[in-house]
Amino acid sequence: MLTIADVTEIGIGMLGYAFMGKAHANALKKMAYMTWPPPLEPKLVGIAGRNAEAVQEAATRYGFEYATQDWRDLVADDRIGLFDNSGPNSLHAEPTIAAAEAGKHVVCEKPLGRDAAESYDIWQRVAATGVKHLCAFNYRFVPAVRLAREMVEAGELGEVRHFRGRYLQDWGDDTSLDTWRFDPQAAGSGALGDLMTHVVDLARFLNGEIESVQGFAHTFLAGRNVDDAVEAAVQFANGSVGTLEATRFAHGHRNAFQWELNGTKGSLIFDMERLNELQVFRADGDRARGFKTVLVSEQTHPFWEYWWPPGHIIGWGDTFMHELHHLLRCIADDTDVEPYGATFEDGYRASEICDAIVRSGESGAREPITFR
Amino acid sequence: MLTIADVTEIGIGMLGYAFMGKAHANALKKMAYMTWPPPLEPKLVGIAGRNAEAVQEAATRYGFEYATQDWRDLVADDRIGLFDNSGPNSLHAEPTIAAAEAGKHVVCEKPLGRDAAESYDIWQRVAATGVKHLCAFNYRFVPAVRLAREMVEAGELGEVRHFRGRYLQDWGDDTSLDTWRFDPQAAGSGALGDLMTHVVDLARFLNGEIESVQGFAHTFLAGRNVDDAVEAAVQFANGSVGTLEATRFAHGHRNAFQWELNGTKGSLIFDMERLNELQVFRADGDRARGFKTVLVSEQTHPFWEYWWPPGHIIGWGDTFMHELHHLLRCIADDTDVEPYGATFEDGYRASEICDAIVRSGESGAREPITFR
Amino acid sequence: MLTIADVTEIGIGMLGYAFMGKAHANALKKMAYMTWPPPLEPKLVGIAGRNAEAVQEAATRYGFEYATQDWRDLVADDRIGLFDNSGPNSLHAEPTIAAAEAGKHVVCEKPLGRDAAESYDIWQRVAATGVKHLCAFNYRFVPAVRLAREMVEAGELGEVRHFRGRYLQDWGDDTSLDTWRFDPQAAGSGALGDLMTHVVDLARFLNGEIESVQGFAHTFLAGRNVDDAVEAAVQFANGSVGTLEATRFAHGHRNAFQWELNGTKGSLIFDMERLNELQVFRADGDRARGFKTVLVSEQTHPFWEYWWPPGHIIGWGDTFMHELHHLLRCIADDTDVEPYGATFEDGYRASEICDAIVRSGESGAREPITFR
Amino acid sequence: MLTIADVTEIGIGMLGYAFMGKAHANALKKMAYMTWPPPLEPKLVGIAGRNAEAVQEAATRYGFEYATQDWRDLVADDRIGLFDNSGPNSLHAEPTIAAAEAGKHVVCEKPLGRDAAESYDIWQRVAATGVKHLCAFNYRFVPAVRLAREMVEAGELGEVRHFRGRYLQDWGDDTSLDTWRFDPQAAGSGALGDLMTHVVDLARFLNGEIESVQGFAHTFLAGRNVDDAVEAAVQFANGSVGTLEATRFAHGHRNAFQWELNGTKGSLIFDMERLNELQVFRADGDRARGFKTVLVSEQTHPFWEYWWPPGHIIGWGDTFMHELHHLLRCIADDTDVEPYGATFEDGYRASEICDAIVRSGESGAREPITFR
């Protein structure tokens, strides 16, 4: 019988208590009993945030031992083994690097930096410390996405011909929103860093490296200082081609991160709004041919060992539990975060490709992708 | 600012640590921070189960202070204010009644009893104690189901003409399964108590009382001692008519609890495998007429205040959080569990209707529904 | 090279020029070139109808040589080899029997008669003449339905456990409609003869004979003299069970004839509003399990030899071409209309089962199905 | 009462008897009675094709008075008022121009010419004659597409932000196919002229002119002399942006011409494989928000006056009837083919945009669209 004494603790220090802070805190708390035994027992030590009252309430709510307005307190706290950066984009670089240099493992929300240069710097400086680093592209940890990756790896799609991905949301028209996401200093960019990085990351995760892009970023609203939408035609290193899109102006789509892969042996289709499903086509000669709607909830499916009987679906928030569980497993066993987790190198590469789309829009020219 | 001192604790004693135990424990733990502030802070005191090692591991895993093989220990524990019966059907009656008679509030999994008589007895004896009682028809707490109820109540469907409900699963063919669910003594019935009670409960929740049934329970497999499927044509007190079905033999359907309402002003369609969605038809004269696929995840939608931005869907397990949150709210405020929660009376009524279908199958006759 | 001289003509006499008349005329005209060579070349000789002006216009429109107000003119016309009865239900018996007794092959719209007795009489008297007879259950000639039948016949579903069928329409609330379909003398019944006969016919076509029914017909509107909806729980001779439903009061559904089959090896789902699609589940152990959306439009699919490249879908009206083509093939080759076409015996059997549901509603008792 | 004498005939001369010939012949024959009265009665006079036996059989099959191997016979035939060019792309220019210069109205399949220069020449020379000319972009005549256009025109979408269109087929991998569509001389291009012209035409039809493109054409198979896929990011004159794609290498998609419009007031989604449906989102503040699945089959919907009761869907082939009916109406009434029909100018413009994508791929540069 497993007793709690058998599980080593890891102290967590978190920066940020809003949308992503809630998602990460929930994941860490839920992991402790839903994945049993957890690789490490997350102990919520400290949480940092700008607003004193709000960060204290978050500490109370999620059970952190203390709250602070200075993230340096977390960096200085020896009990903290994992620094979880769920803060706004402008607070990704300095605290994350400082935490890593203090010997803490780090997870940082996407986009890693506000542009490729900043992302590169974060990656290089953190990698130099030797800690584990994970860029929180949580959609790699959707069961259907992992299943897709496994199918691609196993050759079930044959040679891939196309990847088309688009992340469609519809809140960009709401000018009443007071969010750092419209502030270029805090966010770095608009749909580009927020949504297109996800598209690029899954494109790379499922279909390998991108070789060139032709496209542009676009801003619809006068006075808006970040991009609202991004459009691109792309070529992959494996010879496949496709389109990438991200927008905050697609009415009716709340969180429609949709992608499709077409290969010589089959195809896959996915939509984040139905994240428990994967559409699978097999060119197997069956007279009854068509896309299967696979409810990714079988005992043989990725991550499903932690959950319920088949057909009892999970939620968007649960993908964070898979992600942070993976990181704790890598820390506990000293194994690589990649290939299933995104490292800071992946975070940087997504930024480099996103910046190339912006440059293509400015110059009109096809931009080959060159990594530093 | 809210501090933890502002939230009163309630001690939880749980019977059962398997499928339902996991679902309830997760709900209670998650509630404490996802619904903030929770009506009462659930404190996991004790958990009871047959297997000493397994129940001890469950206590460790979920954080109960102690484990016991005797549920009477929970009944006798004064620190426990809520007795949560997640055990098999044969263990519903005695422990639940004992807990209530010891002054504890009670929640009991469905079906309440193994037949109408046992259900009636549980209800009557528990109601006599004055404690809060909730029969865990958790599907009332799916946001789409609650939204449907609110739309019906607001008259948005007009006069209802039809309710058709079916709960389709597909594991009944697996004779290798070793589960109490095939044991008539432990379960009382098969698809009837397991699935049809859910169908009947939502039929009543959304469309009011059932007046008569014509149908039957059926067993496909030789040697199977419980029913495998149930079929019925029904009449409702409001003049509407429809069909009810439950089966464990519908290949391809893992957890397809599907229902539909047709009214003079509109229609609703639901499928539990896409539990975040509600199909809504409005007979509003719009030239572009059709069923809307509503992603029930807006800030204005039921329960969504606890969750994420629109489009970031929740899971099946999360419905238990809504349910137990409702119960704790009723306990904290001393308000009625009904109409949104199912009481033990609702548990009894579902059993009575289920038994009537069985009788109809045996006699061949239409069975009017008469409650004791 | 085929020349027109190689195809024998068959003279057509049609009764009725409204909805069904248009559907049949279109089918006969289109068949001549879409199925090449046609088994027989339909030659539109005469058309009969009540309203002199309207029937003359129909003759002009569709190219019949003459119009008449007296169907007896068609019966007496030796050039007519096939009598096509597309008239209202009250005009099914006498003209059809007369035509058959005059030696003409006959096709008659469903329901065959207005009740089981009339249907039986039509069948018996027509069968005695030895002509070919087809009851126009055209949905047997939907490619997806025929594909389903072929899959069932080939054992691809294994042993069938369930059939559930429902025909949902939503025009019953429109009391302004002036149609013979609400007139009990002309129609015999409401949703029962109009829609439930289709459900019963496909239930029999796909799953074999029905053994017993429990259910009822129901009328919602005061002053309505025919039934509005029919509900039943049923048992099949092959041991499977299910529900049957027909209604004109399901808002949002224009022509939703939906059915599902569940077997030990797989399942099929169909909806007439997407008549080019069949949902196919195979219990084949594929890790990626789920229902396939099969676009029934491959060269290997039923009837598709007459049409377009895959994915170029056909319409509801085209099912009549398949049906009448089948009948002409049977006439040309002197082969049996069954099993793929419905004979008048099938028309009678559907009526017998429909009447049994009505009787069950009146008596409250299970009605075993006994054919005369 | 209408008699046949009231409808003027128009003689048809058709070039081509294969896929498109069948589609056009069916449309012309069906129109005569399904649209009643037709604007002009199509009289099938002559049909031309390369293979003597095949063209004679086609004449017999469809009822043309004569067959010929020389299209000049049709041009010379005074009884022919409409020249219908359903031949391969290399036979578009000369016969169409000759027919127009002989005073015949002309309809020509898409792409108009094999490149922009040829398309321009056809347009200019035909326009100079003053005859009616229609480029057979039949998808403008899908009821759902026309409904979309009407909604856009009525301002129901507000200001459009995005158009994304893709035409996905999956037969490009089949190297055994012997078709002129892989022959650069006969076809001019691959997916570009065959599929992307459709995407571009509906983009323009629904969202107005395209201003610039960035993208490329791509060939997957060694030895293939035409493009297999085309990818582009585009900007529209109205300020909206999006992606366009066409491919013959998307396994599982037989005829998936999918497009989406997002505007400030709503969105529309369409898929040709479900051509009777339009997905409609309205940002109308309804708490129950989402995309409606509109079955475009109401009496108030475009073209539906010719068909059946609601919900009785039509097929892909029927769009040609709408298209040619429109042309005959324009001829009969001497009205403009545009805006609902595509003229040869539209055919040329689609070619110009397609060629610009190819140039963008070759140069890597954004190509502004400039019409000659």
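List of remarks:
First chain written, first letter: the chains are A, B, C and D, and each begins at residue 1.
One rule holds for everything that comes next: contacts are C-beta pairs under 8 Å (C-beta built on N, C-alpha and C of every residue); 3 or more make two chains touch, one makes a residue touch a chain.
Being a predicted model, the structure only gives us computed values, none of them experimental.
For the interfaces A-D and B-D, the C-beta contact count is higher for A-D. Most remote chain with respect to chain B, judged by CA-atom centres, is D.
Centre-to-centre separation between chain A and chain D, using Cα means, comes to 42 Å. A separation of 54 Å divides the Cα centre of chain B from that of chain D. Touching two or more other chains at once are residues 253, 289-291, 295 of chain A. Of all the residues in chain D, the ones that touch chain C in their complex are 1-4, 19, 23, 25-26, 29-30, 33-34, 36, 53, 56-57, 60-63, 169, 253-256, 272-275, 295, 297, 307-318. Residues 147, 151, 277-278, 280, 282, 287-295, 298, 300-301 of chain D are the ones touching chain B in the complex. Interface residues of chain C, counted against chain B in their complex, comprise 161-162, 164, 166, 168, 170, 173, 214-216, 218, 220, 229, 231-235, 239, 241-243, 245, 247, 249-253, 260, 262-267, 281, 283, 289-291, 360, 364-366.
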